[in-house]
Amino acid sequence: MSQQETDLEQLNVFDLSGFAKLITLLQEKGYTTVGPTVEEGAIVYDEIDSIEDLPIGLTDEQAGGKYELRKRNDHALFGYVVGPHSWKKFLNPAGLRLWQARRNGRSFEVLEQEAPAPSYAFIGARACELNAIAIQDRVFLKGSFVDSDYAGRRQNIFVVAVNCGQAGGTCFCDSMNAGPKAKSGYDLVLTEIKAQKRNLFVVEAGSEAGANLLHEVPHEPATEKQMARVSEVVSDAVAQMGRQLDTRDLQSLLYRNSGNGRWNEVAERCLACANCTMVCPTCFCSTVEDTTDLTGEHAERWRLWDSCFTQEFSYVHGGSVRSSISARYRQWITHKLASWVDQFGSSGCVGCGRCITWCPVGIDITEEIAALREADSGLSSILRTEEKE
Amino acid sequence: METLQRYLAEHPFLKDLSAEQITLLAGCASNVRFDTNEFIFREGQEADKFYIIRHGKILLEVFRPNQGALAIQTIDEGEILGWSWLVPPYHWHFDARALGLTRAIVLDGKCLRSKCEEDHDLGYELLKRFSSIIMERLQATRIQLLDIYKRNDA
Amino acid sequence: MAGKVEKPVPAQTSRRAAKPKLAVWKFASCDGCQLSLLDCEDELLSVAAGVEIANFPEASRAVIKGPYDLSLVEGSITTPHDAERIHQVRRASRFLVTIGACATSGGVQALRNFQDVNEFISIVYASPHHISTLKKSTPIDEHVTVDFELRGCPINKMQLVEVLSAYLNGRKPNIARHSMCIDCKRAGVSCVMVSQGTPCLGPITHSGCGALCPRYNRGCYGCFGPMENPNVPSLCERWAAMGHADVEIYRALSTFNVNAEAFRKESSLYEKAGDSE
Amino acid sequence: MAQSMAGPMVPAHYHVKKIKKETFDTFTIDLVPETRGEFTFAAGQFNMLYVFGIGEVPISISGDPALPATITHTVRSVGTVTNVMRTLKRGDGLGVRGPFGSAWPIQEATGNDVVIVAGGIGLAPLRPAMYEVLAQRQKFSNVALLYGTRSPADILFEDEIKKWRGHFDLDINITVDRATGGWYGNVGVVPTMIPKTPFDPAQTVAMICGPEIMIRFSVMALRERGVPDNKIFVSMERNMKCAVGFCGHCQFGPHFICKDGPVFRYSDIRHLFDIREV
């Protein structure tokens, strides 16, 4: 017991073989190990068998509407930031059958559910992503209703987090107080450091399960120098943040600017294609589809990722409440950054930058807020002058 | 006559008019009754009166060739019927029909118009009051036109 | 166009009496959409059990006189004879569903709408005077009332099965009108436009194919036509900024759904470049 | 996945006890649970009703909260699901999830005048409030029902309204937008009746349900009479898919209609009425 307590507090170190062992152990314990891997020019989250599947020696260059993989001049395992996928695809799948039923005379019966989803071990989750999971937890677990499917998946995960050693071109987690250092929500957290051309990982347990697993992995206590590297790595990442978002007074800024002309301006560019909401690790909106087979004897209910950018989303008999793209963009950003706070007690944005990178036309949430702020201050200065007169 | 004057003085529509102005109005006023379905006025006729409904219900309707009358609005107890007497060319725009036995005070618009010309204070007071009635009716008509309960089948 | 979806459909459910009669009609088209129905191998037996296929030129020669409960109409209207025939089909059909880009927007043959047809005819045919054709290729809903439009070149067979199931069960078909991107992202496919600079019409294209091309690392060709209120100008500007010439943009928009208004409107702005080449 | 059987998205089994035609396009459907049990709800709440193989729709409960053995809904058939629901017969099965949402402020109205303003099918979710007020009529001062419909043929619950009129302790005013022959009642929109209705604005609780425009103008008329914003309650409508706050469709500013609403205190949502396409 005392051993475990020490582990929880103490920083340890293991190398590539230790990391490989960690993956094997997780698999032996029945976890499906999922993590970053390269697929068609992007780093996505998928099943990984071993550390060989990780994007070793690769990095990603990101800008508004632009993502490119490049070779690094080292063999870092985590030398990139986040890609188009987020962990929500494992916890809150894009398409989920909620139940199936068959006709039973003049009524129907709901059928037994199939086997539970696998237990996932998330390898390489970043601080922003842990915050995103915590945000979705509040939506699906902390309200008056509990999403039992999400709860089932959520309680079975094992999280190996990674502190970011660099920030991407569209990252702004620092502004959102959501990274780059992982503070909670993990079982183990790694910081990748280089020492004499060796990949070393400073590791810290964040849960008893993490500490227990670490026992089985060959490791040694971190030296003082290695511990110092951890904070250096993180502060390097902070210094590299590609974007910033001024969050002062953000909620009221958005609320008082619902009629701002900026919404029309962004709507000229916005495609309402919904990519931003699909890649967002916190966007949780879904639609429900009731289906039948051709015989009409079998029915299913599916839940699918949906987006506030579609016309159907706000459909009330007769038409869409938000028929214009400007209203939909305003709804998305106002929800994300303002009304989310009223609903769930925190911002809905973790500053991961995915919505900027994966917007086909490069619309940038940080730029939009800055522009709104400017328009707002312009407006308020005019109002102030008028008042004086 | 005195009861008529008191009724006018107490009516919310004429609130805050001076005693002299009330007396003046009372001079142009008289009681009137309409039986069920009796027309109070018809579209196109000269509009030289207005009514304060004391009891009963009046229906305003418009007559459509081939389709008969279409009801526009009902005017109830305490409400004012008619503002066309105030606006040239002083013709009624709709038909007004009593839906049941109705009692009202009728005011002679022609007489009032000339009094308003002489006494602009009175003219202003009446215009203010009637313009708010015109506004309310316009607003109500507009909402009615929206047909808000219409089916919107998908 | 695709908005007018449902008429009240009586519940048919398990108490179905006679099997509803299904007819498939062909106008100017390549037959590819009809073949999607034959392609539903796994579902075909259920389809056959659910409906009586009363007229289906690609599958059988038997022709049963109408009326039909459900007509699937493939192809566009290009000849005076077809312009008459579609009215007969409409009169004989309780529900009329158009299938495919030809029937819903005029198809690739609508390219002629913007050219001189007689010139084409004289170039292509040895005896042009035998040819009787209209100046334009037009979608079915310009001629008769359409109950539901199923998009695609060709249509997606699963969507066809969905429309048939919905019809047989008297429910609303689950056919979304949003962008192809939503399907792409649900499938976990990385955006080819962002990560590889591949021009892709996905962000303005109607969903339905299941993101077929991006799954194979290609940009979307817009086979399903414009999505609900597409922002075509913004995407085209982006393509131009990515270095694509006007003529490429013109050509991308001038394919199977060239006659769809949102595409046509924008492609006409880039058309000059296309001509001058 | 294993747990989803118990999840909030799985409907419970009910069957139809009775269907009654109300008007040409509305009907009242009484449901009883397949397994024994009572259905308790508060006036103003709604259920998700699922017709096998067709789909699911949110429908407010129109029955009496004091009679929990059956659940009653009054439905306007305007879509695929409701069109099929209308054709169901006694004994046919139906899925129910609920009850969901907030309730009319019956407690808060105690000791006050009550003004109930309904438009069209909007009377359905207000009927349970009427039942509750009538059941303890002595606890309230003036009680008024102002009800507007498109035409006389669209008036819901006519027999019941007739009965209510007979109580002589209710102010019942019905108005239609379009009168047809033989109609001797009011013609005009509901808000026009508010100035004529006897109630003490300082001691009144108002409850409104109907099309959003009708709510807007009714609120205006109530405010003009001097009813404070925090004594006006409105029932709002948005697209609802899950009814439990997961799907996000029904957001109305920071509120989820499904769990924070549908009944809102007007003072809490007043600012949202000023925003277009909110």
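When the chains are written out, they are named A, B, C and D in that same order, and each has its own residue count from 1.
Here is the rule we go by: contacts are C-beta pairs under 8 Å (C-beta built on N, C-alpha and C of every residue); 3 or more make two chains touch, one makes a residue touch a chain.
What you are looking at is a predicted structure, and each value in this text was computed from that prediction instead of being measured.
Across C-D and B-D, the chain pair carrying more C-beta contacts is B-D.
Chain centroids computed from C-alpha atoms place D closest to the centre of all protein C-alpha atoms shown. Per-chain CA centroids place chain C at a distance of 42 Å from chain D. One inter-chain figure worth recording: chain B and chain D are separated by 36 Å, centre to centre, where each centre is the mean of the chain's CA atoms. Chain centres here are Cα means. That of chain A falls 40 Å from that of chain D. Chain B has its Cα centroid 66 Å from the Cα centroid of chain A. Multi-chain contact residues of chain B, defined as those touching 2 or more other chains: 152-154. Shown for chain A are the residues that touch two or more other chains, namely 103, 290, 292, 296, 306, 317.
Of all residues in chain C, those touching 2 or more other chains are 6, 8, 13, 169, 171-172, listed in ascending order.
Across the interface of their complex, chain D is touched by residues 98-99, 101, 103-110, 112-117, 139-140, 143-149, 151-152, 255, 258-259, 284-288, 290, 292, 296, 299, 301, 303, 306, 308, 313-317, 321-324, 327, 331, 335, 338-339, 342-343 of chain A. Those residues of chain C that touch chain D in the shared complex are 6, 8-11, 13, 169-172. Residue ranges of chain D in contact with chain B, taken from their complex: 25, 76, 78-80, 119-121, 148-150, 154, 175, 177-179, 183-189, 191-192, 196, 210-211, 213-214, 217. Residue ranges on chain C touching chain A, taken from their complex, read 12-14, 43, 46-47, 49-50, 161-162, 164-166, 168-169, 171, 174, 176-179, 181-182, 185-196, 200, 202-204, 217, 228-231, 233-235, 237-238. Taken together, the chain D residues at the contact with chain A in this complex read 1-11, 13, 15, 34, 50, 52-56, 78-79, 91-95, 237-239, 241-242, 244-249, 251, 253-254, 256, 259, 271, 275-278.
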